[in-house]
Amino acid sequence: MARADGRRPDQLRPVTITRNWLAHAEGSVLVEFGGTKVLCAATVEAGVPRWRKGSGLGWVTAEYAMLPRSTNTRSDRESVRGKIGGRTHEISRLIGRSLRACVDYKALGENSILLDCDVLQADGGTRTAAITGAYVALADAIAWMRAKKMCPGNPLVTSVAAVSVGVVGSVPMLDLCYVEDVKAETDMNVVMTGKGDFVEVQGTAEGVPFDRAALDGLLDLAAAGCAELTRLQTEALA
Amino acid sequence: MARADGRRPDQLRPVTITRNWLAHAEGSVLVEFGGTKVLCAATVEAGVPRWRKGSGLGWVTAEYAMLPRSTNTRSDRESVRGKIGGRTHEISRLIGRSLRACVDYKALGENSILLDCDVLQADGGTRTAAITGAYVALADAIAWMRAKKMCPGNPLVTSVAAVSVGVVGSVPMLDLCYVEDVKAETDMNVVMTGKGDFVEVQGTAEGVPFDRAALDGLLDLAAAGCAELTRLQTEALA
Amino acid sequence: MARADGRRPDQLRPVTITRNWLAHAEGSVLVEFGGTKVLCAATVEAGVPRWRKGSGLGWVTAEYAMLPRSTNTRSDRESVRGKIGGRTHEISRLIGRSLRACVDYKALGENSILLDCDVLQADGGTRTAAITGAYVALADAIAWMRAKKMCPGNPLVTSVAAVSVGVVGSVPMLDLCYVEDVKAETDMNVVMTGKGDFVEVQGTAEGVPFDRAALDGLLDLAAAGCAELTRLQTEALA
Amino acid sequence: MARADGRRPDQLRPVTITRNWLAHAEGSVLVEFGGTKVLCAATVEAGVPRWRKGSGLGWVTAEYAMLPRSTNTRSDRESVRGKIGGRTHEISRLIGRSLRACVDYKALGENSILLDCDVLQADGGTRTAAITGAYVALADAIAWMRAKKMCPGNPLVTSVAAVSVGVVGSVPMLDLCYVEDVKAETDMNVVMTGKGDFVEVQGTAEGVPFDRAALDGLLDLAAAGCAELTRLQTEALA
Amino acid sequence: MARADGRRPDQLRPVTITRNWLAHAEGSVLVEFGGTKVLCAATVEAGVPRWRKGSGLGWVTAEYAMLPRSTNTRSDRESVRGKIGGRTHEISRLIGRSLRACVDYKALGENSILLDCDVLQADGGTRTAAITGAYVALADAIAWMRAKKMCPGNPLVTSVAAVSVGVVGSVPMLDLCYVEDVKAETDMNVVMTGKGDFVEVQGTAEGVPFDRAALDGLLDLAAAGCAELTRLQTEALA
Amino acid sequence: MARADGRRPDQLRPVTITRNWLAHAEGSVLVEFGGTKVLCAATVEAGVPRWRKGSGLGWVTAEYAMLPRSTNTRSDRESVRGKIGGRTHEISRLIGRSLRACVDYKALGENSILLDCDVLQADGGTRTAAITGAYVALADAIAWMRAKKMCPGNPLVTSVAAVSVGVVGSVPMLDLCYVEDVKAETDMNVVMTGKGDFVEVQGTAEGVPFDRAALDGLLDLAAAGCAELTRLQTEALA
């Protein structure tokens, strides 16, 4: 079965990682997974949230948002509606947890890094593109901090990359674009370290519950996809 | 290694499912997983949300909340803060998706079922207890509807149950209580149908990324736990 | 004229007061006035609000809320609506004022007690049941504090109990259930101390203004009802 | 014991009722109880809220607010804080209930009257001044409607007036100004019809619970005060 | 072409400036431009906002609001809607900037003055009346501070006055009332110092873009109008 | 006096206008004024807001926002704060008014165009860049509509462009960058049509009030700048 854009089931879309896209941020990346474009900005702040003060430990968090016309049909701004929706909350939390897996809080010292991931254009996989790009922005921000001697040690202990996988028309596929995503029977987002361990596994049956074999097949695809993304991150940071 | 409450690693806490706890709701359950107590109420409403009108299809959704003093330290009410937090959003969405896996929208007709899951007392696993209890409340609400001949068919196509698993001190364990949950290196919530298929798999490395073997071990534990919970649901509904 | 549930006009519904319903709270009570069930939790916190710091005086406050399906027709969550309604505000303030009448702030020292009153099931008289139950939770919380030697003296100077009275079909009645409440021409909530003095008197003409004689008759009924509730509180605390 | 401003305990402050203070409103009154100045505007709208449509019945409601510098110390605007406080809600609801006692909904037809009561300057008794003034604005608005033949009948069935009473230094007093209000042991707001019946009785022990004799004394004072206010309303409307 | 109220195109409406309209504020003015009535209250607070602490400099800010029935058709309260609209924000910011032009922050010391401008009745030009009145309230508040020796110097360095001008039916006109304002092709608000310099110029083409000559004509009218208002302010403060 | 970036006082920064930057929007432009980058997206919607239904007239509106890290110091998201700030409101309104000057509502028919202007990177002049870019996105969206025969006529009656001018160190300058903007004594934003008429003139004395001669000098600079921007817009649309 051919995919919407002619890819093989186990093939990523073209991925580009453009560093230093913004002038002001301590690290910034425009990451593209095919038609999905996410602007990731890392902000370094001395100090940590109140509940962590005096611990000697740093903190990493993230905020995700979509521009209103990043999608085919415009969606209202969450600032205008006056509240953040459940999906936005959920993805912001996922990105934050994923990036925290890269960081040694003690080596970071009492500093914070905030990752803003703003979707400029959406074509499926915005959260996985965001995590993959945000890692590169984070690495740049940490390099900036180390150049300024802000950190007691090297806070970057591993890399993370993320990819979506899903079963579409009974075929397990890697890196779903939007038209595949809406047809998927099962949809899974997987976040892995550069060493190939899992940070997050989030699988959802969209319609048809899935068995252990299907799960195993998807995890295999995701592991290969994350390995490829790790390679691209390393290249971009070289 | 002994668990906090003396259980074996693969043992559930005592589970009780009390039906018809509330006088007004079309289905209601007080579900207890050890010290965790969640009140699940199913509300039947004729009609569906605006975006689904005229489709001939029904809808199922859920809202989760914790009473301020369900926890050891009181937390502020979200109504007082004026907004719903990210965790609440995330869990409400998880419960809704899980319960929708049980339902044939066409057989439900243009009716809605809303599941309110309010945590009266929390000791770990509130979201999995909520899903497990909400299924029973849903089944009762559907029986109520069928007795009233509100549905064109039988909307209940399967059951769902959910359990948490995690690695604590390198030991994979089933159904974590609060003190185990805060120490867990990896934490996973698994939602399964009565037939043993997956509806949701959400695994998170809390600190230490996990490998495929660890993931497999946790999925085995979860499958056994969900099977036992399915048995208890069936018993309760008998 | 017979009442909906066969009671005499001057008769309370069956009242139960179950202490220690919750594991975590310093005091907790499930209070039932017939079909009305309110979970009252007392939380002790060292310290007082900012405006009271350095005064040497303590503080007592309350929050009231209803679970969405405590009522016959489900009501939206105030957390979802993003604001607290007028009725909720009004009742929270009433409960707080009523409980403060029991407390010597100086003997309490700079500590706070917050009473959460959550209506699990509603059948009229939720605010009066809440006050009556919250007093017992407060007494338990103060006993807990005194056991911990947190208070400079004995802060509990009196007890409070509350009951609704109203004129239904020209007959003055005690402790209205929901179907009586909606038909009442006049509705009054009365909060009294264990010694028989008034803390709050809130009477409202629902439709027909009432004269002094009607007011006097209702106050007599309420005084008898509060005395009986005081007896039940004392028994529960024995 | 002399009062702050030399009045007798049973004496009202100078009361002025200025009709037609605003150019646009269908009825408007600037009411002054001593230093308390409240601007009451009645707005007539064809139609009723959604839940009342098709009933043939009208509706009356009210909103109360204080200008930020109406008080000695400036308070933040509720619009800036983004929510309405409990006190504001409570008083708005009280004013609405009180004014609804004057109106025959059937004779009003499916029309609404909204009473805006904005406190320009506060010196105690703002809610009772608001009710007393709003009645006159309501009467003017109803006269305007009847001149336009908007109503099927005469909707104005009685008048209402309101006054505060309280025990200050053991002396029962009428119409408390701010300095008396803060010292009061007991504080009561009473709303009565022009015929001398009660619409609302709200008594609160501020510190010292009060007995039946004290309550009776306060009700006597309030009845005399309301009668005098009714006379002033009648005069103003003549 | 005659104006709605018979004025000449270059004529102000009758302007009255009533000082000390409120008992509590450090400065207060009821300013009337024809049917437009704005209550301006100046509040003095020791201290400055957090971001200015330790600078030795003072701060001046403003809040503008309209009573719901100040207008011909009632508008909802911003407190009830839970947020401040764009127009309110814009005018509050304009008033604040305008008044800050009068003040030497150093001479003010670390004190704040907040100007509340509440429109009691609106008939066009509410923002310009607010600025003109607020200046007088500010001058009174500064005099009050100087009498209390709160300021290191004399913070009042100039006066400001404001007026609207516009082109209506091709005729440039001064101080538009509401019916003129809605018909205006071009609408401009001009804020000037007592010395005749510009503080703010805000011109908007309502429908027809305007050329330089039209702009020049409006600025001439505005300069004359502001000079006259400055004279009236001086008179009021004498 | 040399400018920060070596420009002459009457010189624009390098301006680029990249059309079709987004895949989904009916018109989209990435506009750059030096380091200022604004993404402008035009969304076409059939239908108009409720208050305009049945008029036969169209509507144009705009929303402006800044990405959190578009600036040197990160600012909080307005969605997270739960409300839109005054500056955002003010600029959104300015952009909307400016673009409406280009449009014949009758020729547009009952259709709406919404212009989203999101600042990706800020270096002064974001609102003027937004207006200048939004015009091009609007022109593209209208061309798209006309190709679809959605409009009864040609709605585009003129073009608009905008530029900032200001007095910095006594020198009038065109198109201020951020470091100039913060030092400016006077700051003016001017919106003009392609024919050279004014749509908006917003001048603010930041510190020093300005006289008529200064105003005239700034308007001359702005007129020349807008003419040049009009030329660049025409080129981009060719």
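Letters A, B, C, D, E and F mark the chains in the order given here, with residues in each chain numbered from 1 onward.
In the analysis below, contacts are C-beta pairs under 8 Å (C-beta built on N, C-alpha and C of every residue); 3 or more make two chains touch, one makes a residue touch a chain.
These numbers come from a predicted model, not from an experiment.
Peer 1: Show which chains lie in contact with chain D and also with chain E.
Peer 2: The shared contacts of chain D and chain E amount to nothing, since no chain touches both.
Peer 1: With one step meaning two chains touch, work out the least steps from chain A to chain D.
Peer 2: Contact-graph shortest path, chain A to chain D, evaluates to 3.
Peer 1: Can you check whether chain B and chain C touch via the same residue numbers (shared by over half) or via different ones?
Peer 2: same
Peer 1: For chain B and chain D, let me know how many angstrom lie between their CA-based centres, rounded off.
Peer 2: 50
Peer 1: Report the inter-centroid distance (CA atoms only) between chain A and chain F in whole Å.
Peer 2: Measuring from centre to centre gives 33 Å for this pair.
Peer 1: Taking the mean of the C-alpha atoms as each chain's centre, how many Å separate chain B from chain E?
Peer 2: Averaging C-alpha atoms per chain gives centres 59 Å apart.
Peer 1: Scan chain C for residues touching two or more other chains and write them down.
Peer 2: In chain C, 82-84 touch at least two other chains.
Peer 1: So with touch defined the way it is at the top, what topology do the chains form here? Options are line, ring, star, complete, other.
Peer 2: ring
Peer 1: So in the complex, which bits of chain B are touching chain A?
Peer 2: Chain B residues touching chain A: 83-87, 89-90, 92-93, 97, 101, 158, 188, 192-193, 195-205, 209-212, 215, 219, 223.
Peer 1: How about chain A: which of its residues touch chain F in the complex?
Peer 2: Interface residues on the chain A side: 22-25, 28, 35, 39, 41, 43, 45, 63, 65, 67-72, 74, 77-80, 82-84, 88, 114, 116, 118, 120-121, 123.
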